[in-house]
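Both of the next two complexes hold subunit A, though its partner changes from subunit B to subunit C.
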Partner chain A sequence: MSSEIKLTKHVPTKKRSLLNIKRRESTKDFLFALPALLLLAIFTYYPLVNSVFISFTDWNLIRPIKKFIGLTNYQNLLVDPEFYHVLKVTFLYTIIEVSLELLLGLGLAVLFNVTARSFGVMRSILFMPHYISMVVVSMVFVWIYNTDYGILNTVLKLFGASPVSWLNDPSTALWAVIIVAVWKGVGFTSLIFISGLRGIPIEYYEAASIDGAGKWKQFLKITLPLLSPTTLFLVITSFISSMQVFQSVNIMTNGGPLKATKVMVYWIYDLTFVQFKAGKGSALVIIFFFIIVLLTAIQFAISKKKVHYEG
Partner chain B sequence: MFNSQKVSATRLTIAIIVTLFMLFPLYWLLITSFKPAEELKSAIPTFWPKHFTFQNYVDAFNKAPFLRYGMNTLIQTVGVVTLQVNIALLAAYAFAKGNFFGRDKLFLAVIAAMVVPEQVVFVPVYVMMANVGWLNTFWALIVPNAVSAYGIFLLRQAFKSINNDVIEAAKVDGAHRLHILYRILTPMALPTLVTVLIFKIIGSWNSYFWPLVMTNTDNMRVLTVGIAMLKSSIAGNEMLNFQLIMAGSVLVAAPIVILFIFTQKHILTAMSNSTFK
Partner chain C sequence: MKMKKWLVGLTTAMLVMSSMIGCSSSTPTSTNASEATAPPATEDKTPVTIQYWHAHDDDQKAALENMVQEFNKKYPWITVDTVFQGDYDTLQQKLQAAIAAKQVPAVTNIEVHALPQFADSGVLMDLTPYISRDKLDTNDFSEGMLKAYSYQDKQFGLPLIVSTSVMVYNKTMFDQEGVKPPQTWDEIEEFAKKLTKKDGNEVSRYAFSVPGWDTWYFDPWIENGGGAILSDDMKTAMIDQPDSMKFMKLFKDWKDKGYMHIGYGKGASGNMRQMFFDGKIGMVEHTSALIKWYIETAKFEVGVSFLPGDKKRNSHMGGASIAVMDGIKDNEKEAAWKFVQFMTGAENNIKWAEGTGYLPTRKSAISSEEGKAYFAKYPQYKAVFDNFDNVIGPPKSPAFNEASAAYEEAMGKMVLNGEDPETLLKDAAKKMNDILKDQ
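Presenting the complex of A and B:
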């Protein structure tokens, strides 16, 4: 700063010196943003473009030469029954997980939307798993689901039912993985719902009860419609994060049994680092990324619309 | 809002039952880690260990270098969070108060990066790391994660809400811009900074996919990956060793649970402020 002031003394016209200072200032401003911009360019944007390039090649991740094969990887994916199976599993997982998490989250929100201190403590307990490592959570549930000694089967046996191999049976494995995600995320979802509930003016309920509307009717006619922006926000953000499921599958089932839990990111990892088909893996990455971008665009459009009719 | 509501006994009872049910997996994690191996196989499960033992923790440390894993996780977390916070502070200042060509377009490019999941970029970054010899080093764990677009976004919001007069006054006093940023703006944006700090510590501590891909030696493994490896090495044996895995898992989860307990009020306020605004 002091050097700039000195400089102005030597420059004849005041106008020019101001321009100089401005230019200097803006260069310094830019320098502050530069580290972030450079790192994003190197570690996000360049790899994104590079992934597209790799998806056009036949490459095993190690060999220095990448053979250009055009759209072959995409064509191979589109005729591969496994691709449709993985898509189906991923969307099944996502749709069921998001539906359960939102339904239970809304239920918990209504139950726990009380300002008493004890309820605050309980809300925190419900919310805590959101921050615990998915690796740890998966381990706990592997133990709970254990066929021979797991607590779940022990309880079932008490009721006379026969034990189930939750994670080794293709008909239950996907559900077992979904339940883990729901347990981990439902407290967070319910907190978002609670902040939505608290945004609804209490006068609406007062007016409705004067008109003789019961609790259930109030819930259907006031709470649900006025909560819809919150619900939409949650549907899309949960959808995007559920689509990216990997850790729980990697630890609990390894995509099995019989590919029953083979989701997209698991297949991407498997293709690239286990089968060394980096070209095919990258084609899948690009398709996966398109789905994410599409969902984000929908979220963006909806939130813009919401702002529009609120303002 | 300010005075507590009266709660019916039924509602309280249901709420307590639901909470206990939801808490059970974490309780089971903790309690299993204190049980001797034989007790895990008993037909009637014990809800409090018959023979309370710390042996599982000792055994876990003997089975795998947990101290090393813990150090690695700690170094990774400190490195990532320090870089993320400082780079975000600089960028947030530039985007909020600075004036340079293409500022808003470049900010959009920063925000857009939030859409790109790590699973989309990991192959090219892996190759890059291999080429510069950074695989199996802390560089690969830290440098590619040094920017948090989310952190830049939040801090920029906080800086924008600070009046320009504060900055102008400091400039008149001849303050350097780094001084303005760290001594004047940062203290004023402290609640936001703490939010970013907490979320980034949790995120980095729990990260799994990135270290799994970027490291493959026992020396460089972080806690989350170490636990996963311990499980697959034990799963090969006939022996049931969940008490060991649970002991290791407690070590991964405990610091985050403690952090959560001490900062939950802050987290809750930050969440209710930032979800829709």
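Presenting the complex of A and C:
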């Protein structure tokens, strides 16, 4: 009798232990992810939620009292012409910077996609600016761009051009900041493009050339479509980082001259830490957060139709 | 991607602040409780350590260390822990975080334009009761300098790091050309005509330069013309009044004639100095903190003159105070107050000024033997002290920093695009009024 009981008991125990193993496994997985999750929760999600709270107050960063003022900060921002100016500058910066970086990056990638030792060295040189801190880069470029004593104008003078106040002229300042970002970022972009290029099977090109397609046609019909996943990745990452440009603006122009380079994150910083308007600054953070999320979603939606994943 | 980190930083800062403060909207500021009377002076000599957050850079470090050593001789039971926190902006940001975290230093520098904001928020200790308890002779301070650190009739800091804008000129050039620095606005035209040099349409030498990159340099010009930046109650912008607009109209005229150089934007300060050293500008308005540097760097003789005046002859004060934070223990407050008194005291005032390049603040120190020796060594400072009481603080509104951006922009538009001063300043006044209304 006792053996019978053992038998009947045996089946469910086995099932349960399987379940247990599964549960234990998932607990283990969760525990592995926990430290990272915890950090994210403390340093990203909680602050984000908290800035939503601050954005409804008139907090000045040092006063212990936070008065709830509802949507006033949002209302004030949305009717402020400065908001639209800053938004325009941020978009201009992002669109020009991302397009230049991608076009140049792709061009250089095609150019450098050759396996010769000298090209390896040149690729490293191209990638070098990526290692240098933006703060250092900006400080160096402040001198390069200097109107009266900078190397750029000295070189221009040799060709007979009159000096340009790169950073002090509202019509050139944004370009000057963009060029620095492109110079620093293009190495990384081209590196990713090169790895994308290496992933395209050589047979496609062989087949195409047998069918009589020229180099240019091969580039348009094979290279570009097959690079589209890489391009999408680069568009989205560089779009987000460009939208959030801060260091170069902070060091090279302080948002000037005449607000010509006043980008969103610089304004957030200025409002919050210089003008003590933490409430208004936080409201801007939230608005800006939604703008970026929305635009990234649109990019993904478009890319679904246009991006070609091989296999 | 870098920026993401920054945003995380921003939000982290907010997290830290908010978690410490929470929703403590009911916590009353303790300033109000302690403002009537100071605790009686004690002879308590139990060891205490106070932190001093400062913005004195490397070449001023020796002077600071010397002061701390002297202080320790006098008060051996107080240890002063000096912490360099970067420039005023950086120090201010660290202070904001410290206040939110309730981990404040006992003593700190507060930049003159930021004082109203900090004082208004109740985070600084009111020094007034301590001053009256210890019978500190405040009349010995330059009146303008002391007033710059009071807010709503309470003293929240004492002047420690004091500079003002002055006219630094190329004396060698002036002697050759037979000109003297102008003392009034009326003298400027003739002075500038003599000194300006042109190569065809190109100006090869400007008579003088006034910085346009920071309102601090042209704020006194607004007042000297008989105008004002803000109304006395700090609620209305006054820069659209005829007397206030006078200076910018003159600036435009002088600039169009090639007399005047106005630097604007990033790097303008470095350029102006270089042009001065190259003899391309005869006289520059700059901070008195750099007088010694100008003397040591220039290959020619350097002279200093006070700002030329019209209806008034003011110059604005820059730099920072030494202040005590409110959120510290009572024994720390007592030690901090002793330190503040010592740092701003008359006995070491000249030594401090000489070591840091800042201005002496005490009348008794200036007239002392030591003070006379100092003026003999640096006669250039004399111009400042002949106008000692005309050195005044900026308008005391917590919104001043934000509001001043509006007329700084007006200056930029005049300099870069040659736009009409009257239209610009009227627009700026409108913007400023909106900002002031929000307060």
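The criterion applied here is as follows: the second predicted complex is superposed on the first by the 251 of 311 C-alpha atoms of A that agree within 3 Å, B and C clash if a C-alpha of one lies under 4 Å from a C-alpha of the other, contacts with A are read in each partner's own complex, and residues count from 1 in each chain.
In this section, a residue touches a chain if its C-beta (ideal position, glycine included) is under 8 Å from a C-beta of that chain, and two chains touch if they have at least 3 such contacts.
The structure presented is a predicted model; accordingly, all values stated were derived computationally and were not measured.
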item: Partner chain in contact with A:E206 - subunit B first, subunit C second, else both or neither; value: neither
item: Partner chain in contact with A:I54 - subunit B first, subunit C second, else both or neither; value: both
item: Partner chain in contact with A:P64 - subunit B first, subunit C second, else both or neither; value: second
item: Winner by number of subunit A residues touched, once subunit B and subunit C are compared; value: B
item: Which of subunit B and subunit C A:I144 touches, first, second, both or neither; value: first
item: Contacts of A:L167 with subunit B and subunit C, given as first, second, both or neither; value: second
item: Which superposed partner A:I192 touches (first subunit B, second subunit C, both, neither); value: first
item: Subunit B versus subunit C as contact partner of A:T44, first or second or both or neither; value: both
item: First, second, both or neither for A:G256, with subunit B first and subunit C second; value: second
item: Which superposed partner A:T27 touches (first subunit B, second subunit C, both, neither); value: first
item: Shared contact residues on subunit A - subunit B and subunit C; value: 42-44, 46-48, 50-51, 54, 61, 134, 142, 146, 148-149, 244, 246-247, 265, 268-269, 272-273, 278, 282, 285
item: Footprint of subunit B on subunit A - complex, ascending; value: 1-2, 25-30, 32-33, 35-37, 39-40, 42-48, 50-51, 54, 61, 108, 111-112, 114-119, 122, 124-129, 131-137, 139-144, 146, 148-149, 151, 154, 183, 186-187, 191-192, 195, 229-230, 233, 244, 246-247, 250-251, 265, 268-269, 272-273, 278, 281-282, 285, 288-289, 292-293, 296
item: Residue numbers on subunit B that touch subunit A, as the complex places them; value: 1, 3-5, 7, 11-12, 14-16, 18-19, 22-23, 25-26, 28-29, 32, 40-41, 43-45, 87-88, 90-91, 93-95, 97-101, 103, 106, 109-110, 113, 115-117, 119-128, 143-147, 149, 152, 171, 174-177, 181, 202, 205-206, 208-209, 213, 224, 227-228, 231, 240, 242, 245-246, 249, 252-253, 256-257, 260, 264, 268, 271-272, 275-276
item: Residue numbers on subunit A that touch subunit C, as the complex places them; value: 42-44, 46-48, 50-51, 53-54, 60-67, 76, 134, 142, 145-149, 165, 167-170, 237, 240-241, 244-247, 252-254, 256-259, 265, 268-269, 272-278, 282, 285
item: Residues of subunit C touching subunit A in the complex; value: 1-4, 6-8, 10-12, 14-15, 17-18, 21, 23-25, 27, 29, 89, 92-93, 95-96, 99-100, 117-118, 121-123, 264-268, 270-271, 274-275, 398, 401-402, 409, 412-413, 416, 438
